[in-house]
Each structure stands twice: as structure tokens, then as C-alpha cells.
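A, B, C and D are the chain letters, set down in written order, and residue numbers restart from 1 in every chain.
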Amino acid sequence: MPRRDRLTVNDVHGAWAIIPTPAVDNAEDWRCEDSIDYDEVAKAVDGLIVGGVDAIMAQGTFGEGATITWEEKKKMMSVMVETARGRKPIFVGVTTLNTRDTIKQLKHARDIGADGTMLGLPMWQVCDVPNAVRFYRDVAEAVPEMAICVYANPEAFKFQFPTPFWAGVAEIPQVITCKYIHIGQLSIHTAVTKKRIRFLPIEFDHLDAARIDPEFHTAFWSPCANGGPEMTIRIRDTVKEAVKTGDWSTALRVWGAAAPVMGHLMPPGGFPEFSRYNIQLDKARINASGWMKAGPCRPPYLTAPANYLEGAVKAGKGWAELCAKVRAGEL
Amino acid sequence: MPRRDRLTVNDVHGAWAIIPTPAVDNAEDWRCEDSIDYDEVAKAVDGLIVGGVDAIMAQGTFGEGATITWEEKKKMMSVMVETARGRKPIFVGVTTLNTRDTIKQLKHARDIGADGTMLGLPMWQVCDVPNAVRFYRDVAEAVPEMAICVYANPEAFKFQFPTPFWAGVAEIPQVITCKYIHIGQLSIHTAVTKKRIRFLPIEFDHLDAARIDPEFHTAFWSPCANGGPEMTIRIRDTVKEAVKTGDWSTALRVWGAAAPVMGHLMPPGGFPEFSRYNIQLDKARINASGWMKAGPCRPPYLTAPANYLEGAVKAGKGWAELCAKVRAGEL
Amino acid sequence: MPRRDRLTVNDVHGAWAIIPTPAVDNAEDWRCEDSIDYDEVAKAVDGLIVGGVDAIMAQGTFGEGATITWEEKKKMMSVMVETARGRKPIFVGVTTLNTRDTIKQLKHARDIGADGTMLGLPMWQVCDVPNAVRFYRDVAEAVPEMAICVYANPEAFKFQFPTPFWAGVAEIPQVITCKYIHIGQLSIHTAVTKKRIRFLPIEFDHLDAARIDPEFHTAFWSPCANGGPEMTIRIRDTVKEAVKTGDWSTALRVWGAAAPVMGHLMPPGGFPEFSRYNIQLDKARINASGWMKAGPCRPPYLTAPANYLEGAVKAGKGWAELCAKVRAGEL
Amino acid sequence: MPRRDRLTVNDVHGAWAIIPTPAVDNAEDWRCEDSIDYDEVAKAVDGLIVGGVDAIMAQGTFGEGATITWEEKKKMMSVMVETARGRKPIFVGVTTLNTRDTIKQLKHARDIGADGTMLGLPMWQVCDVPNAVRFYRDVAEAVPEMAICVYANPEAFKFQFPTPFWAGVAEIPQVITCKYIHIGQLSIHTAVTKKRIRFLPIEFDHLDAARIDPEFHTAFWSPCANGGPEMTIRIRDTVKEAVKTGDWSTALRVWGAAAPVMGHLMPPGGFPEFSRYNIQLDKARINASGWMKAGPCRPPYLTAPANYLEGAVKAGKGWAELCAKVRAGEL
């Protein structure tokens, strides 16, 4: 299959689902050499595409980009690309501890046919704005064929992603989108980046982003489609319909059903506390939803407080119920 | 003047301006016993009301609620209330180090005729959610006649103001509004509070909040009206007009002129770094705008890095220019 | 009683006990107007002096300097000074939200005969080094008769107390000592302050400080004497004896008995997590020890996680047992 | 050369020098495939051993463990081991983003003849105490032949390394030492680890640690020997002599000369601020000292504020002057 042109900001639309890296039963054990359940990877990628998502991203935080080996990641990337067969863009995670390792991984991803990368900052030491912008510029310069989705997680990468950073990376043509935490500064960031970057709010913020600017904010990232794509697609489509008709009532009803269910995932301390157990909680949520088998966690991020895990399970089961309602035409 | 009924969430609309506490020339000196320029307080309150704002709040962070004495604050409150003469609601700051001092100050504010308080959490020790909710409940129980605007500043008050906090304070009838940092979780917080609290985004986010829910998000707080109310009123009115007509182009143009000007206020490190010098930077901004005399800072928050102060001055001057354009009918 | 000369660094020796502010039964209620059990204050001050401590400090963090009113604090200061009758120095807490309120309180403390103050930084906004040093200089200039113990708590006061700060405050003659968190930089801070400030390590670090420099490090602060002074005095005296004889075995045995007992006070997250519940945990500890009645907490810092409180109770009971052993000559 | 037995806590003595990873001229460029100046590695390792250090550690923070590739690290490890020829222990850095990558690297290090590892925690997500202890246990179980030096840097690894952590890892026989930030809790950590772990304070704290417990605290880590080993050896030997004779005056004089010189390395904000530019500042320091060529930094950690770098250069030059004085018998 010939390589398609690099994706542009105009290719970023709809539901960008993020998948976990499914784990075999003994993945908690350091002896496990190949911890990935590749069949489940293929099943999930195909299921999401058939289910209607618009792109698939992987190897982020709950995607255990931190805890899978390079050998495993290479195989998983290939399974993803081969399963997708060009039907939808595949963005792989190549966040590492430095610029050159990231470039090496991204070149490989390019060579096997991935479309882009969801890419966070090296996090051993804190980056300041000049070093952070240069990181993305270096990577883009080294692998110009690949599109970049900035992975803007302040807790993981020890970086606030302030406005001057966005002004800087907007000058890099490869940077076309961003996995975004919340929409608190969406308009200012959209303005300083001159609409060269389409930010992806989380699916629960898509409704609001679309109300802010329905023409530009047409895409979002989904942490939950891996618990059943129906509800994610329902969010996308009801918003699209609302934008067309001007009647937001159905979109609001769908959002109103989804938001409290996912609220169970968040510990009382909010996002900083959630971030301490992000992997463990999201995998518990996905496993509880039953749509795919995320399996156990990989070392060293194995256990979490019991009450936090209970909330995650509640969120996963609730999402599955929402999907069932969508399938039944009840939502 | 008989006391009017306690304000409700339905009374929260339009531009809620926050004023600094104007300082006399030697206010930096600990020997200064009465550091407030009360004439300037009266002038600012009257000027803002005549200029069109919908409410006035004071004694927050750049309002130096931390660094004025109780004797000074009492006098300033009286000047504010007497100047306003019931034309617009006056919300005073009674954040202290504990529940009982706050109650004492709030009772006094009630007795002299203030309408409500912009109230942050005691900040020597961190509050968790149960203690934080109880703080607001205790204060409301002690002074039920006063409306409360939660002052949700995470850096000042060492508290993340997570979703369960909002669910808790929404049960308190006195809590009707909130000075809010950004709109990152506006919809979820609006939902869990069942529209009992009208959150006030900063004036630069008002446009977006109105696009998210034009019927409910009708109010905002303004840090900048003290640099000239014309631009703040212009923001309010162009958004109102856009909501009515469905044509957002003028509102967007106004926002597009304002946002980059105020961007100069923010150091490269973003909000956490800004918070380290909030008072010094905002007073430099206000003084540079020339609309009112904020005067020097009070001890101990006196100096700031020169390049940060330069940005603040640029923001203040830019705002004054925007106001001039509004007056000239050019914006 | 004529005012004695201001204390100097040469007057700082031995065990500096910190007391809580004993609370009456309904002190958790905001309606409580005078929440202090003054009899218990007097009993504790007298008991500690008779028990052998070398100075008494109050109104810090677990001393609820944050949550008592100025009226209460004035009365408590007087009870402390009158009970001490010059037998031992009394250092009161006058940490407030700003320079001028602190000066006002410190002048009062001077007038009623207190010897000095344990003084932290205003904490609404972060201080940088120049503003922090100026704060202490301003206070010393305003009330030159009073000795100052810098209260160096980074969590409470949002300040790291770095080396340049110490170089700065060492130029202020009133600054003679410091309530210090740990001895991690004791020698460098002692060097840059040219021995003008005698740092007070916590009693569990006194042994180490004395081994580092037995001639200079002769003093420490005690959070635990309020749970029974015998053990604190035993720590002081066995160290003094070791310095004299060169035989550290008894001092080491005493330390070895004390350290694990107090380890129960600390939650798994270490000092930052402890600081979130400092007041609640220390009061639970003191109440469990039974030597004095600290009573309930004052609003808003009322509740804490149950397992943290259990650890605090264990620490308090363990300390009481150690004191009993000392009295029985078994330790 | 047959593998020697695993080092034990009894083998940890003296000056443990940490080296940077010397970089070739174009190492700042992502195109640079092999960025290490191996001749300089060999020269530094030999120079330090000949100069008298007791062990050499590498690939930590300023050792750019984050920013060198695995291919480079393997070669550097071999050069280190081959240059050392068993004369002194070699501890390499195998900190990665997860347990299994660390194990893979550590097995390789074992196979080429390294003695142990200086090992930090995976840092994408925060570890809590159970997951952190299990990380070290897993690694030790997988590569039991290798000694472990816990790399206890709270800023780099997002972990406070609280007391319960030390109690946990003390049960792992491979954990014999620790690169330690400061001696604030040295005695309590030594107690809970039952002297199974010999903590390495920084060379500036060695004097104090030796005064606390001269029999046990016989070792330290040196960030500065790479700027000339003479001064490090002088610190070690004057302390050793003081322990023997009881006369600490020379050791104190040497410390008094060294401490202010290295103070220049620390920005005003203290350790957290230093940590933001640790690599850039330490490499600037080493290059300024002139003893070895650390070369430029590797991406993405390239630039730092000019005034911070000036301080680092001052520290490096000052250290070189101290070494010259030692050689001249003047210190």
C-alpha cells in the first residue's frame, strides 16, 4: 500500500479513540517477555473501526507506553496498522526519555505505515518552553512524513503546556492536533495557533467545544470507546446533528447520561490524584466494561487503593449500560 | 435604606468587576497606618457603576485582602457600600485564616449593608473536601443574610476545588456564584450544582461560556474593568447581542482584540508562576492603564521580576488603548 | 516586672517545647466565642517549666495560630506570660496574612511581657527571597525589643527557605533561632548565618545535631513534651551527658526508644501528606498521651482520615509509655 | 576475569564519584548517532581511580541516563568496566520507564562485568510505596548478582522516598546503598533499614554524617570529583583522619572551603529549581572546572537561564582552584 500524504489539520475530525495495550494473564510478572495479547489488539482496532471511530491512538498513559518494551511496541504497531488497512488513521505512542529514542521509534512507525504519533515530552527532567518546543521541532524535522498529536498531560510530563508553547509548536507543520486535558484555554490556544492545530478535548467536553466553535471544533479524543464504541459514536453524531439543526436537546441528553457515569472514575482529589493511578484505574474501568480485555497491569504500576478501583469499575459498568441503551435505541 | 432580600442565583448577570484596594504613596512602608486611598475607592466604585458594570467585588488577591488591616477593610467596605447606594451589588472579601474570623467580618459586612462576599478558604493548612464544604456551610449558617461567591483560586488556597466540593456547596442556599479560574469543567460543575451556582468565568472566557449555554452563562468576573470599564462593557454587550441575533462576528472581533493584550500579563510559566506575583503584576497593570490609581503594593508582597512587570505594564497600556477605541467607536 | 534584655543566640539552649492551644468542648462549633481552656494553658505552661523545659513556644501550626481569634490569642499570651513569671522565655505566634498585622500583634506581645515570637511568613501569596527577608526585617525594625524564631515550615508558608534567605535574615539581630524541619542543611545554614542563628532541630534530630557540633547545637524544639515532658528532658540530658563524657550509648538508647514511637504519627506519604492534617493529627496525639487536654480542633480544620488518626493515637500513647518508663527509671 | 561476589553493605566505603557522559561536539543535534566521547570516558574513569576514588557511578541525572541511547549506554558501560579492570566497583545507571526494560539493561550490565546499578524509579506515573518497593524487589529477583544503589531523587522520580519505603527495600539483600539527597532523615532511615543500607550523602554532608556515626557513615557520593578528584579525596581523608584522632579542625577547614564554592551551583529557588536544569548546570560546572570534557548537552535538555549557568561556571572554576590548592599543599 503506497504511503498516503501526511495528514493535515483538515483531516482531524470525529472520534479519536485511544486503546489500552491488552495484556496476557501473567503480564504483572517481570518474567513475562511478551506481555501483549495481539489478538485482542486486532479485535479492538477492528471493532472500533467497524464501530465507527475516526482514528485510533495508542501507547499513551493508560496505553502503557511507559511499561511495554520496544520489541512489544513494534509488534503492536504492526498489528494496529495491518488491522486498520488504511481504513482509519493510526497514531502510535513514541514518548521516550529523550529526543533521539523518540525519533528512532517514530521512524520505525513511519516505515511500517503508521500515520502519526501521540507524543509527550521526555519527563526525567522538566522542560522549559524553549526546550519543549525544540523537542517537537527536532522530531518533526527528523521524521517529516509523520503527523504529530501533542500529548499535553501536565502530570505525566511535568510541564504546564502554557500559551507560549502553543505559539511555538504551531510553527511546525507536522503538529496538527493535541490530546488535550480540558477546554479551559481552548479558544486562546486555538487563536495563538492560528487554527493550525485542532485540539482534541475529551469526549465529555466535545459538546461544549462544538458549542464554542462548531465549525472548527469537530474532533475529540475518546478514552471510553474501548468500553464500547456505541456511546462515543452517539456523542459524536448527536453533536454533529445539533450543529446542523441548531437543536441541542438530544446532544445534551446524551451528555447528561454520560458525564455522571464517568465521574466515578475520578478520586476525590481530582485530576492530580487520578494521575497517580491513571493506568490502574483506566484498565480496571475497561475490564469492567467488558467490551475488550485490557487484562492486568504491567510492572511497576500494579496496585491502587481499593476504593479508587471500585469507582473505576462502576464507571466501566455504567458505560457498558449506556452502550446497551444506545443499541436498544433508548438513548 | 432597608436591607434588600438576599441575592439569588437569578440576580447574577453581566459584568462583575473586581477592584484593587487603592494605596497611598507610602503604603509599602510598615509604618503606614491607614494605607487606603478612600477617595480613589469611591471614585472607582462610582466610575464602574456609571460605566455600566453589574456588580463590584473587592479584597480578593490583587485586592490585597491579605495585606490590609481589619480597620482599613471596614472603612473601605463602608465607602464601597455608601458609594454604591444600592445601585449595584457589593461583594466584599472576608477570607481569613479561619471560620470564626471570617464570620465576624461577614457579620460586619452585613451590618453595613454589603450584599455578599467573595470568599476563599483558610490557607495555612490544606483543606480536604469535607472540611472545605463545612467551612462554607458554617459561614452561611452564621450569616444567612449574605450571598456567597466562592473564590476558587487553587494556588492561593491550596485546594483543587474538585467536583465533589461543588456538589457539596450547591446544597448551601447562600452560595450563588463563584469566581472561577477557567472554564475547563464549567459544564460538569454546572450540572452537579444543578444550576444553583452561576459560575463567573473571567471576562476573556465569557464569550465561550455564552456559546456553551447562552441562557445560563450570562455573567462573568472582570479583572480589567479597573483599567477602564468600556472594554468590559463592550465584551458583555457584544456577547448579549450575539446571543440575541445569532451573529457572533462582532463579539468574536472584540474578543480577538482583547485576548492578546491581556496575554502580556502572564509569565512564560503560566498561571502557577503568575500566582507567585499576582498582586504586584495586577497592580502594575492597573496603574499602567491609568483609569484609576491602584498605587504601590503593601508589605510583604512588594517586588517582582522586572520582565514580569514589563509584561504587566504592556497589558495595562494595551487595555487603555482598547477602551479608547471603544469610546471612539472603532471596536 | 521590668523587661529583661532581648534574648540573644546565646540564650537559646535546651528543650524548646511547643504547646497546643487547649480547646473547650464545643470548640468545633463556630458559635463558640471563647474556645480556649485557659486553665489548661496555665497548667501546661507551669507543668512544662516545672518539668524542666527551657522555653515555651505557642500558636504555631498545631498550636492553631491559624484558627484562634485575636481576642483569644491575647488572653492566652497573657496567661502564658503570667504563668511563666519570667522563669523561662515565652515565644508567641504572631503569623498573620501580612506584615502590619504581625507587627500589631507583636507589639502587644512585647507590651505584655513575652520574650519573642515564633514567626512564619504570610501565605496567601508565595514570597520570593527578597520579599521574605524584607518581611522579617520590617518586623524586627518595628518591634526591636522582641527576639524572633523563624518558623521554617515549607508546606504551611509556601516557601522553601533556601540558603540565600538564611544569609539575608542573619543580618537581622532579632533573628536568633529557627524552628527547623530537619537537619538536611543544618551545617550550611549555620555557616551562612555565621552562628548568629541557633537552629532548633526537632527533638528526634537533637542527638544528631549534637554529634555534628556539640558546642553549637545545644537546643531543639519539642513537639512531644506536651505529651509528657519527662522523655523530652531525658533526650536533652542524655545528649548533654554524652557530650560531656563522650559516651553516646545512653543517648542512643533513648533515641532508639523514641524514634519508632513517633514514626506512627507520619502517614505513608511523608511530610507533605502529614502537613495536610498536621493540626488534627497532633491534637489527636496529644489527647491520647493524656498529659494535657488539647481538646477538639477548631474550624475549619476538623476531620482527618481514620487511619491517619489511629497512627496519631498510637504515637501519643507510646510517648506516654516512654514517659512512664523514664519516671520508673527504666529508660 | 571471574565475576567477583556481589558487593555487600560492607564494601561501601569512601568516595563514590559520579561521572557525566562526555559528549562529542555535535551532541546537541538529533542527527548525532553516537554522541559519546568514549576516550574521555576512559580517561575520566582511569583518572578518578588513579586519583583515589573508591567507586564510580554513571548514567544518573547529570550523567544523562535519560538522553543517551541504549546502544551508546552499552558501549559506555563496557568502556567503564574495561578501564576499571576490577580496580574499583562500577555502578551503571539502568533507570528506564519500566521494570522489564530496567531488568534487560541490568542483565547486560551484569554480563559485561559491572558491579551494580544506581537505580531510580520509573517516572511516567507516580509510584506509591507498595509499587515502589515491588519495583526494587522485582529487579533484584531478576538479576540477583548485581548490587543496587537506590537513586533517591524526589524531583526526578516523583517520589518522596518516605520511611516505609526504606523499611521495605531493606528486606532486599541486593539493596546495599543509596544516592541520597541530604541527611535530613539519615538516622531514622539508617535505623529502619537496620544498617543493611549504607546511605551515601553528598560529599558536602560527609563530614556531618561522619560526626553523627563515624563507624557506620564511612561513604559518600561525589558530584564534584569529575571537576578534579583531589578535593574529594581531601574531604574523604581529612574526615577519616578526624575520626581517628578526634581532631576535626582540618576536616572542618576543608569543608569550609568547599561549601561556599558549590553554593554557586544552586539557583535562588533551591533544589526544586535546580532540578529543572540539573543536567545543563552540572555539565556547565564540569566543563568550567577543566578536569574533564563533559561536552555539550543532549536533546531535549539543552538550554538554561544565563544567570543560572553563570553560577554553575563559578562553581566549576572554584572547585578547580580548590584542587590546585590541595595539590599545592595549601588546603
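Basically, contacts are C-beta pairs under 8 Å (C-beta built on N, C-alpha and C of every residue); 3 or more make two chains touch, one makes a residue touch a chain.
The chain lineup, named per UniProt: A, B, C, D = Aldolase.
Quick caveat: nothing in here was measured; it's all calculated off a predicted structure.
Tell me, which chains sit next to both chain A (Aldolase) and chain B (Aldolase)?
none
Over half of the residue-numbered contact pairs in common: that is the test. Which of B-C, A-B or A-D passes it against C-D?
Selected pair, repeating C-D: A-B.
Averaging over Cα atoms per chain, report the distance between chain B (Aldolase) and chain C (Aldolase) in Å.
37
Could you work out how far the Cα centre of chain B (Aldolase) sits from that of chain D (Aldolase), in whole Å?
Using C-alpha averages as centres, the distance is 50 Å.
Can you tell me which residues of chain A (Aldolase) touch two or more of the remaining chains?
128
Are the chains arranged, by touching, as a line, ring, star, complete graph, or other?
Contact pattern: a closed ring, each chain touching exactly two others.
Could you list each pair of chains that touch one another?
A-B, A-D, B-C, C-D
Report the residues of chain D (Aldolase) in contact with chain A (Aldolase) in the complex, numbered from low to high.
30-32, 61, 65-70, 95-101, 103-104, 121-128, 130-132, 134-135, 138-139, 141-142, 156, 158, 275-279, 298-303
What does chain A (Aldolase) use to touch chain B (Aldolase) in their complex?
Residue positions touching the partner: 128-129, 160, 162-164, 181-188, 191-192, 204-205, 207-208, 211-213, 255-256, 259-260, 263, 266, 268-272.
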